[in-house]
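Two complexes, one shared chain (chain A), two partners (chain B, chain C).
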Partner chain A sequence: MTERPDSPHRPAGLSRRRLFGLLGAGTAGALAAGTAGGAIGRATAPDLATAAGATDAVPFVGAHQAGIVTPAQDRLHFVAFDVITDDRAELVGMLKAWTAAARRMTAGRDAGPVGAVAGSPYAPPDDTGEALGLAPSGLTLTVGFGPTLFTTADGADRFGLASRRPKPLAELPSFPGDAIEPAISGGDLCIQACANDPQVAVHAVRNLVRLGAGVVSVRWSQLGFGRTSSTSTGQATPRNLFGFKDGTNNLKAESDSALDRFVWVADGDPGGDWLAGGSYLVTRRIRMLIESWDTASLDEQERTIGRTKGTGAPRGQHGEFDPVDFTKQVDGEFAVPETSHVFLANPTNAGTAILRRGYSFVDGSDGLGRLDAGLFFIAYQRDPATGFVQVQRNLRADAMNEYIRHTSSAVFACPPGIRGADDWWGRALFSR
Partner chain B sequence: MTERPDSPHRPAGLSRRRLFGLLGAGTAGALAAGTAGGAIGRATAPDLATAAGATDAVPFVGAHQAGIVTPAQDRLHFVAFDVITDDRAELVGMLKAWTAAARRMTAGRDAGPVGAVAGSPYAPPDDTGEALGLAPSGLTLTVGFGPTLFTTADGADRFGLASRRPKPLAELPSFPGDAIEPAISGGDLCIQACANDPQVAVHAVRNLVRLGAGVVSVRWSQLGFGRTSSTSTGQATPRNLFGFKDGTNNLKAESDSALDRFVWVADGDPGGDWLAGGSYLVTRRIRMLIESWDTASLDEQERTIGRTKGTGAPRGQHGEFDPVDFTKQVDGEFAVPETSHVFLANPTNAGTAILRRGYSFVDGSDGLGRLDAGLFFIAYQRDPATGFVQVQRNLRADAMNEYIRHTSSAVFACPPGIRGADDWWGRALFSR
Partner chain C sequence: MSLRDHRLALLPALALTALTAAACGGSGTGGTTTGADGSITVTAKDDSCDVGETELAAGRYSFEVTNSGGKVTEFYVYAEGDRVMAEVENIAPGLSRDLLVELPAGEYEATCKPGMVGDGIRSTLTVTGKAASLSEDESLARAATDYQRYVRSQTAALIDRTTAFVQAVKGGDVEGAKALYPVARGYWERIEPVAESFGDLDPKIDGRDGDQAEGEEFTGFHRIEQVLWETGDVSDMGPIADRLLTDVEEIVARADDTTLAPLQLANGAKALLDEVATGKITGEEERYSHTDLWDFAANLEGSQAAVQALRPYLQDADPDLVAEIDDRFASTEAELEQYRDGDGWMLHERLTDEQLRGLSDAITALTESVSRVAAVVAGR
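And then the complex of A and B:
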């Protein structure tokens, strides 16, 4: 992960730290008075999201939500929520508050003033504080709506949204070998927080959780310590916990026509009235059976993936970006076996393409002496049926299946980007 | 965490990537032959641990183990092991293999050749591969021996070490409010892996686990995404998940006399025959009750810590590094309350000092809608009884106790540093 700079958005200008330093210099009295009542956040400073030099921030406003084709940041904090209120107005209120906080945090600001509201220190701070002094760090916050937000399992129309559910937003089918744990699957809402500093991602999720108190409850969450995909041609392909480069042929931000075909929901698609410009998000927590893999021979590992471990080249080729040659034979056998992951996941053979954006995780150990580690798979697509589901069905014969278990599954519809200062997450969905 | 560079050890010279690139250029044939049998690792390259420019690596050899007073790296992977063999020779063999691999990996190399052993691709690789291309990233690997390595709970002398157990290496006492889970506590051995790239730390632990197959089993492990302590005067104080700067007055690498007094075991201390130059490591997984904290008023939060949230200054002062003034009163009350964490943990009041080296963690959520987050506390000291235990007893009245729960506890004796090319972890302990 060192080929690209550690933070592509590293501050050329005003960071949280710098900003706070400025405040400290200019308003030392107010700061010291923080203990005795004054606001100590950055709310009194001019709006710095637009200040020259704040290039370390990824724009929050745009046609599409940030965090999809944004060059994949290094760290992930993903959280899925259950909505615990029955009150549509409360839900809408929270989505508005989330949008406002996301707008601030992605610009490198606090979620709200750290100091006391209305001049009183006897209220909780509107920001939890752990990101004070940190740069925006490329933070993106991407929201998604799960099928259960529209219709509960027993068919109830919880928030008057049942008629607005686009047909592709449906629970994923079961696949052979699935070991899905319901408690860490699904969800009414999700937030994907990506940043180049994990504390910035954690801070963002934590403050959205705080703002959602009484409206949502954390259903499950997942940290990822290292990106496993490149989503831009400027990024090196990282290695996953199998030690291989995977996803070399991922869709990239630069291929507009492919993104329009495979990633973005179009006007005429189901749900296009509120979802056009959005995308469907599929997450799968894929436990890797590290210990089995580590005792497999190099030959077995390379045949399983279809690439060489060292260079990342397709078997039979020399460089990582050499085209995969499915016809090439070595010693009378196909260099890229028909059961290899590269063969089966390749767009040519899968008949479709998805934008992968996954992260490696280690969640401690499993009580049986093994590391609980793997890939938190994230994919964006225009329709799950012709995206992830089609790819995954094609992987039935994947030799890699021996070394992995899917333990969590979820699907969400991610609305299009925030259009301007008054827009909020879900406005087009909830405003009719 | 942005005040210091993202990687203080960022390659001035040969990184894993660079090294691999060189190999790739020079031995393209051998690389391509990887699929057909050749070794593809870096074993054929000259020993690069001593190459000029490899300054991104922290020296593995020294009077003390690296990873104690080494400026705290950003990321942590900590793992505790149970020894599952009864054979002392097997244990010694593994410690030697671990030392050899640690020597390579801390220098930015693989744990062993990635390619096939003895020219055969039909053996598992000697390195798992996911750190290929990554810089050394300041990796340190620090080993510790738990009390149960010397004597089992029922008094059995497992490996002939019972008489070598220094008296201070004993299970920690219980403290009021403890909620210790035995399954994630204790351990016969531990490895603390710290690095500025989490994948480098994870890779190191994973390869040591692999090398320990049949000898040790992972008992528990913990990832930390962000350092919460500074261990050098050149480092900024980071914020913990309470949003506060804590540990401003931590012991620092530069204060030699304090380290000799409070951190390093001396010749005349118990166990000094093998432990002199080493230190005792105490770990405590401290769950923070984030949701309770986030609903506490700013005033309550600042009184609990004894510092202001914005600047990190002691209450009643202006700058983070202003001395704590325990006599200062504001509005007729002590600015730093006697129940505050700063008051009770301060060396003046605790009567001792420890070197703190903890990391923030988020381990998903707890099934009750709350983030499972907190501080993985790590402290090094010359004697746990006059170090952590004394400090912790002093914190009985700590107002912070309302917001935390200690869920894991462990203590280890960390031997002194590796002295030269033939030395190995535990030699002085096992060689008599």
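And then the complex of A and C:
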């Protein structure tokens, strides 16, 4: 790996001079605060002050779906579905059954009303049983609706929903260097199951899949471990498989104003009639070219990320949460190279912010003896165009691109939270 | 119709008349109508199925089915949901067969299946009079005898087609044997839950390479399949073929005398769908011939026969489940129907992953529904 002090891939339209201007004028506002890491609403929000223990239940009911700003659990089972019926009533029936089962499972109970072992010996149990005796483990189940639920790829409006699709819910554009595999991308529906016990997450997905027989078919799924972002100030920043702390500058649950600005869909936004209080979910399976990375020098790794590997401090600083100083020079070079990931992805330079909630994955090896591993990237935002898409476009010169391949891509609209005992996933969308 | 067309159309009819006349000498139609309230003639052709009478009073009827077509045919009397009231399988061109069936008041469908595939050619039978009203116990007991009758119709055809297959193998007729192989196996696959209940014979007839216990020889259908499709040299298959027929005759003798309890029927219906999911969709069953979809269709039909035998009971006990099962059998059949190839099925290796996934989704949904039948039966 050669040093690239003056990368030819200078990001277009963003010079340091312009950056100074932005900072000097204080335009970036909340964004600049974001740069300072903990500066956004570091004060802990009251409802999160009593952050649940790793084995406790996370409330299923609320203004927003759990699993978005909920402090990121350790394990993920994500699944995307194709809807295989054209019957709207069947789809609605399944969403109601899913909601009922999710309500029970997130409370640490069996998926069905009878349970894994209490039913007729002649009937298949309505719960598969592998979570018997396990704690709720912080299980959250978050549902999302993909663009193809509203209009199929060949233009069919199967469920009379085409007119309800908010404009921002559109297939993501392709980005330079994408290696997207269609078979593990997209989907009409998704379920994000997060828990602190992997068996609890897998159990939840397995039982929802079963309830969906004849209505949905699993299109693709992904297991994840080791959350790679903290979504609460109460959490330490974890490391991803590059060995670096990831998510230091993430939006945090405690920063209400930033969440309202960047994560939650508002009443007046497109689709606000059913989506207000919800959020758009973008997933990207990002394979890391582990073997190349591991043989890169420490200096190359740190220049690629823009942070030191040990403390996670921005290069040129000392502490993890020290503000990134894009002007600081060391030995005549900028400490944070302008091709580094931190430089390009930082809210100040990306001009926006997203809530990241990714997980590491290792899907065995690739047949050539190399780990098939990386980051299953999950981001929540108020609008994908001004969220992930804007951030990703800004990353076209990212030095990290040499070490990653995006192999799967999907976008979903996640409706707001379940309001009460009779509410169900998608009620506002399907009730008209 | 042009003159030329008209003349061509006459030819097969003439030829068939001759065939029928010849066949009648051997087959005969007398005897079985004893005790019937009436007899109804059915003339089955490749594109028609003429039923002599379609408005009947409740009672016992003998259907005299003559195959005047060029394809092997089957004749069924279906009640609602394709519950088989009675059927004759494997009627060769030119042959006549009799079928005795008791019909309580209701709507039925008399159905010929030329080529033994698809929904067949149907006409409605309207039976008026006193509807049979059965107690739960009676309807469950009838389920067992209905299914036993189904098994016997299959086993008769199984012996017939296996005999023809074995003869082809022993005669060195490789192409003939290859054509007969999936047909004979279809009758086996439809009644597999019964056949599998004879644990000693099943592996000898249906074992795959590698299934044998130490010291056991690899025999049966799949042994011959391997040779037919891999080398095409069946010269040393004579003893294996003879043994296959002996084993099939043995298992048929036992199966004909077996009456499955209602709960076994319910579990058997589900087991057949599991067979589809684990062996046929994956292409594991017919690893040399790739005729897995023939088995798929047969397993599906056998499963449906078992469920439908229970239908009168289920209809009272859980009508919603019956409706769901009907719906899902129909979806699965429609999914499979896309892969029909003439009178048979496309080879498994020609299906894309996406197409196999469609079949798998349909079977998964159907299995979820059928898996609930046993508890309904047990909950009586």
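Everything below uses one rule, namely that the second predicted complex is superposed on the first by the 370 of 432 C-alpha atoms of A that agree within 3 Å, B and C clash if a C-alpha of one lies under 4 Å from a C-alpha of the other, contacts with A are read in each partner's own complex, and residues count from 1 in each chain.
Basically, a contact is a pair of C-beta atoms (placed from the backbone, for glycine too) under 8 Å apart; a residue touches a chain by one contact, two chains touch by 3 or more.
Quantities reported herein were computed from a predicted structural model and do not represent experimental measurements.
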- Classify the contacts of A:246 with the two partner chains as first (chain B alone), second (chain C alone), both, or neither. neither
- Task: Once the structures are superposed on A, label A:77 by its partner contacts, choosing first (chain B), second (chain C), both or neither.
- Result: first
- Determine, under the contact definition given at the top, whether A:125 touches first (chain B), second (chain C), both, or neither. first
- Tell me which partner A:398 touches in the superposition: chain B (first), chain C (second), both or neither. neither
- Task: Tell me which of chain B and chain C touches more residues of chain A.
- Result: B
- Query: Given the touch rule stated above, what does A:217 touch, chain B (first), chain C (second), both, or neither?
  - Reply: both
- Item | Which superposed partner A:133 touches (first chain B, second chain C, both, neither) | first
- Task: Applying the touch criterion given at the start, work out whether A:383 contacts chain B, chain C, both or neither, answering first, second, both or neither.
- Result: neither
- Note on the structure: The intersection of the chain A residues contacting chain B with those contacting chain C is 84, 121-124, 210, 213, 217
- Footprint of chain C on chain A - complex, ascending: 84, 119-124, 210, 213-215, 217
- Sites on chain B touched by chain A in the complex: 1-3, 6-7, 10-11, 15-17, 20, 24, 28, 31-32, 34-36, 40-41, 75, 77, 79, 82, 84, 114-116, 121-125, 127-135, 137, 183-184, 197-199, 202, 205-206, 209-210, 213, 217-223, 225-226, 236, 238-244, 290-291, 293-299, 301-302, 308-311, 313, 315-316, 318, 330-331, 335, 360, 362-365, 367, 369-371, 373
- Message: Could you list, by residue number, the parts of chain C that touch chain A in their complex?
- Response: 263, 328, 331, 357-358, 361, 364-369, 371-372, 374-375, 377-379
